[in-house]
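Quick heads-up: structures coming right below.
One chain, chain A, appears in both complexes that follow, with chain B as partner in the first and chain C in the second.
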Partner chain A sequence: MDTIIQQLFNAAQLGAVYALIALGYSMVYGIIRLINFAHGDIFMLGGFIGLLLTTRFGWMPFYLLLPLAMLLTALVGVTIERVAYRRLRNAQRMSVVITTLGVGIFLENLVRLTVGPETRQIPARLPSAPVVWLQQHLGAFVTWDKLLIILISLALMAILWLVVNRTLIGTAMRAVADNKDAVPLMGVNLNLVIAVTFAIGSALAAAGGIFYGQAYSIDPYMGIDLGWKAFIAAVIGGIGSIEGAVLGSFLLAGVEVITVAYLSSNLKNGIAFGLLILLLLVWPWGIMGKPTLKKV
Partner chain B sequence: MSTQPQPEHTAPPPEPGQSKVRFWMVCALILALALPLQLSVDAGLFPDVLNPYYLHLLTIIGMNIILVASLNLLNGYLGEFALGHAGFMAVGAYTAALLATKALPSAAALPPVLGTCIILVVTLGGAMLMAAGVGYLIGLVTFKTVGDYLAIITLGFNMIIVNAIQNMDFVGGPRGFTGIPKNTNFLAVAVCALLTLGLLRNLIQSSFGRVWVSIRENAIAAELMGVSIARAKNWAFTIAAAFAGLAGGLWAQNQQFITPRSFDYIKTTEILVMLYLGGMASLSGSILGVVAYTLLMELLRNLLSTFAPQLAEWRMLISPLILIIIMLTRQTGLLGNREWRWLRPRQGA
Partner chain C sequence: MKLRTLALLPLLVLAGCKPTAKEIKIGVSAPTTGSISATGQSAKNAIALVQDEINAGGGVQVGDKQVKVRFILEDDEDKPESTATVFQKLINQDRVLAIVGSYTSKCSNAGAPIAEASGIPVVSPWSTNPNVTKGRKFIFRACFIDPFQGRVVAQFATSKLKAKTGAVLYDVASDYNKGIAEVFRDEFTKMGGKIVGFETYNTKDTDFSAQLTKIKGSNPEVLFLPNYFNEVPLQIQQARKLGLTAVMLGGDGWDNPELVKLGGKVMDGNYFSNHYSPDIDNPIAKGFIAKYKARFGLVPDAAAALTYDSANLILKAVATAGKADSKAIRDALAATVGFQGVTGNITYGGGGDPVKGAVVIKVEDGKFVFDSAVNP
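Presenting the complex of A and B:
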């Protein structure tokens, strides 16, 4: 029983990180129908910005460090969108996808060359003592940092939900997702809406990167692996849907934790990608997505 | 019918005069240069001028031409966005490596030149067949999707292939496959690359290949004309996979050491960079893209290691930057949709 609860917390922690990345994929896809292959590397960059801040500004408490890293990564995300993606918005769709691939590899190599290829750990800024209440009542050994990562992630997702569903900019985002051509005619600044979407997605990914660096470790190539997992999660949940991305992330993390615990850790990636392909073939619009009809 | 004046809109674009140079002449010239080059480098003649490094560079160019030209079939002529080419290369490389080390006798036990030829034909044939088989099976499921989803699925299969090889202990797993005999030389690569180019050129100009272009231009119209889209796409995928397998087989027997890691996403992207640099739907572009990219990277390596050794690794940033700049400024690449005259078929023949 206690190991099951512990595994449940492991899955929730991994799922929270996946969800923070998957939301960026899903939002960008929902708004401009672009698969941003560089998003996994934005997540990686967020982790490294967090590492830089913790090592250079050691006095900074976590509640300042996290928003600052999120802000810096959001700036990077918006800059990339401005420089590399915006002028391709009306070009052939695949041109932008190829550009995102290029941007991703550029970021990987840039971090590798400036910071180094080694695997690093962000110095712990969250308390790592076990949660006494859980240990006494359920017999499960769960540390405070794990619990805090899950809770802060859920809080960020709740804030995102409020922004998208209860604010003016959120309404504009949903309108752009619905019809990109009609919305500018209504006087909405399309460039601003898309820039805000990239900013929010990048900021969430940065939070994911810092949490991942606290819980596990970071290296310049982690964006490929984790980014793809998060992307799979977004597809499982139905790409373009915020609730779907969160749901899919926790589901995928659950499957992975079960695979590692009861089968083999070597099969982890194979099963995740097998699941993706199976899903795309039989259920391409995912749990929460809307089926789209091909127009003739 | 040919004497009747054609209506304006169905007439082919006017040809600016046929070139005297034909494809077979270029092939003959390249082979005539390659044979003495290979022989004199093997014999160690003129070590200052005929550095083995240059021959190695030419070998790499030849293998990359096979890879890029076959991917052009999918991404250029068929107009899909396939992202898993390195996976088929891996299948070919491991098949050839297994055949060369486990199934066949070593080249030393056979007559000198003929033996190597037989080994190459068997290993490369096996590599192509295996890659084509895997490509066919993957194509069956892949082409139920189009666009973004096709890109994701092909990339997913690339990762699954790499992951599967990592879990196979009899080919070395994640540690890689060592001790492959060196059967590939520049001459073999040159012959294979020319054969690939000739075959692809004829295929693309045949009615069979025109079907792919018609699917790219308008899939629904093509379907109404009686084209079986699924079958035509799967043929293209299988053929492209076979040639990727050929390049993999050559690669394995040239490098003598392969790891699953060398066939992942990064390799696929490198092939894509060369393809888009050269241009879509153009075999000439594929050749030019590979040559330009390979020479640029080697030039940068040499320049940086001579003048600024501490910056030598920074050339890793150049290749993604090239990709981004091409996409932002010239999406058709250097030679998109254009062909050198000697690669065009003869008019009216």
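Presenting the complex of A and C:
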């Protein structure tokens, strides 16, 4: 019994990190119909920026470190969009997708050259004592850092929801997502809206990277596998939808953990990817996606 | 006067070149980059030591003359596909007489068939999976094999730690981890223990919490983690955070300073089997450790010690063969009896696997401390 609840917390922590990455994929796709394959590496970079800040500025508390790393990573994200993607906005779809792959490889090798290829861990900044209440009442051994990672992630997602649905820039983002060509005619600065989208996506990925480095570990190539997983989560949820990305992430993490817990750890990826194929066959728009008809 | 000496210079250079024009070339395939680059670095250091030692004495004795030795080290990135390329390059382009390498069993299994087909003898320092040498005439190794290692750990767990229940978490995508995990499971059961969890993950996974939580549910006394040093500390850390209290056990894949650098305090109080311990009383080992420490400022790990032994095994075989011929070197290697190395005495009894002992090491205050020795 106690392990079921513990497994749910494992799934929630993994799902929270997936969601923080998946949101970036989904938002960028929603707005400019671009699958940014460098996004997994932005997540990796966020983790390494977090590592750099914790090791260089040992005095910095976590509540300062997290926003600072998110800000720095957001700047990188915006710069990449400005330098590498903007000129290609009206080019063939394939050119820009290849560019995103190239940017990803560039980031991986940049980190490998400057920091080294070894696996690292961000020094623990969150308390790692077990939560006594959960242990006494539910018999589940859950540490404070795990609980905090889940809660902060959920808070970040709530803030994102408010920004998108309750602010002017959020309204502009939704408008661009609806019709990219008509919105500039209404006096909305398209470049600004796209830059803000990249900034938010990168900042969330950075938070994911830091959490991942605290809970598990980081290395220069981690963005490849985790990026794919998060991308799949975004597709399962319905790419382009914010709620879908979050839902898909927790669902994917839940399926993975439950497979390991009750079936076999050998089947983990098989079941997760099988689920994706099955879903795409039956409902190709994803859980929250809307069926669209292409007008000819 | 001055001009005359200058005019003579080219002649001198030519004369000086002649005896060294012919050199013995030996290839090395090691993972100097990638996830276990620390092991590749140990290999590189040990090779540099061997090369300088032999050439300081004029080189290796081949027949009636001394020939300098040059080791050609290539990076196989700890990837099987890169290892195949490295072996092909060393054999076809550099024309090496023999090869030291590769390190992990999955890489050696990729390189060995190429060397076997070309008739180039190979001594792998660190590949403990039985399949590496099986059915091959030209492939040797300087280390013991996994069935022995798995038995050593199982015996240690049941007799010394008096464990009744045990669990295993291993990388199912890697030959070494899988082989040793299965042997441990069988031997532990045979010795009267009960395996209550047998869980897997895939190379590069970093979240083990689901598997570890499941293992925690069955509450084992020992948890065997036959994985590499870059993953083990993370596994133990996650296990402790999930409330697992079992004593952690491992194999020689743990042996690298990175283990305690990455893991810190969580590594203390756990045990692993290894090829040698720097604390062991052996004059050859003492000399090697002193030289290695003086030059690189580090205590050599088993990968460094085994690389040193592997390279010296080949050099001795070259001297015994008396000619720079791969086939003759292979025959001399196969006939090795009582070679005294850093990691113990090596004798090949027909196949490519040596008969030699193991040690169990305890991690204490971030240091590797000799616990006990086990002989076959």
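Keep this in mind: the second predicted complex is superposed on the first by the 290 of 296 C-alpha atoms of A that agree within 3 Å, B and C clash if a C-alpha of one lies under 4 Å from a C-alpha of the other, contacts with A are read in each partner's own complex, and residues count from 1 in each chain.
Everything below uses one rule, namely that a residue touches a chain if its C-beta (ideal position, glycine included) is under 8 Å from a C-beta of that chain, and two chains touch if they have at least 3 such contacts.
Treat the numbers as computed from the prediction; the structure is a model and nothing was measured.
Is A:89 touching the first partner chain B, the second partner chain C, both, or neither of them?
Neither chain B nor chain C is touched by A:89.
With the two complexes superposed on chain A, say which partner A:113 touches: chain B (first), chain C (second), both, or neither.
first
If we overlay the two complexes on their shared chain A, which of chain B and chain C does A:174 touch? Say first, second, both or neither.
Once the two structures are laid over each other on A, A:174 reaches no partner at all.
Identify the partner contact of A:269: answer first if only chain B is touched, second if only chain C is, both if each is, neither if none is.
both
Does the superposition put A:3 against chain B (first), chain C (second), both, or neither?
second
Scan A:228 for contacts with chain B and chain C and give back first, second, both or neither.
first
What part of chain A is shared between its chain B contacts and its chain C contacts?
Correct list for chain A: 266, 269.
What part of chain B is in contact with chain A in the complex they form?
81, 141, 144-145, 147-149, 151-153, 156-157, 159-160, 163-164, 166-167, 220, 265-266, 269, 272-273, 276, 313-314, 316-317, 319-321, 323-324, 327-328, 331
In their shared complex, at which residues does chain C touch chain A?
33-35, 37-38, 172, 199-202, 204, 206-207, 209-211, 213-214, 216-217, 230-231, 234, 237-238, 241-243, 258, 262
Can you list the chain A residues touching chain B in their complex?
Within the complex, chain A contacts chain B at residues 33, 35, 84, 87-88, 91-99, 101-106, 109-110, 112-113, 224, 228, 231, 235, 266-267, 269-270, 273-274, 276-277, 280-281, 284, 296.
Using the touch definition up top, name the residues of chain A that touch chain C in the complex.
2-3, 6-7, 10-11, 13-14, 116-121, 128, 130, 141, 143, 145-146, 212, 215-217, 219, 221-222, 225, 256-257, 260-261, 264-266, 268-269
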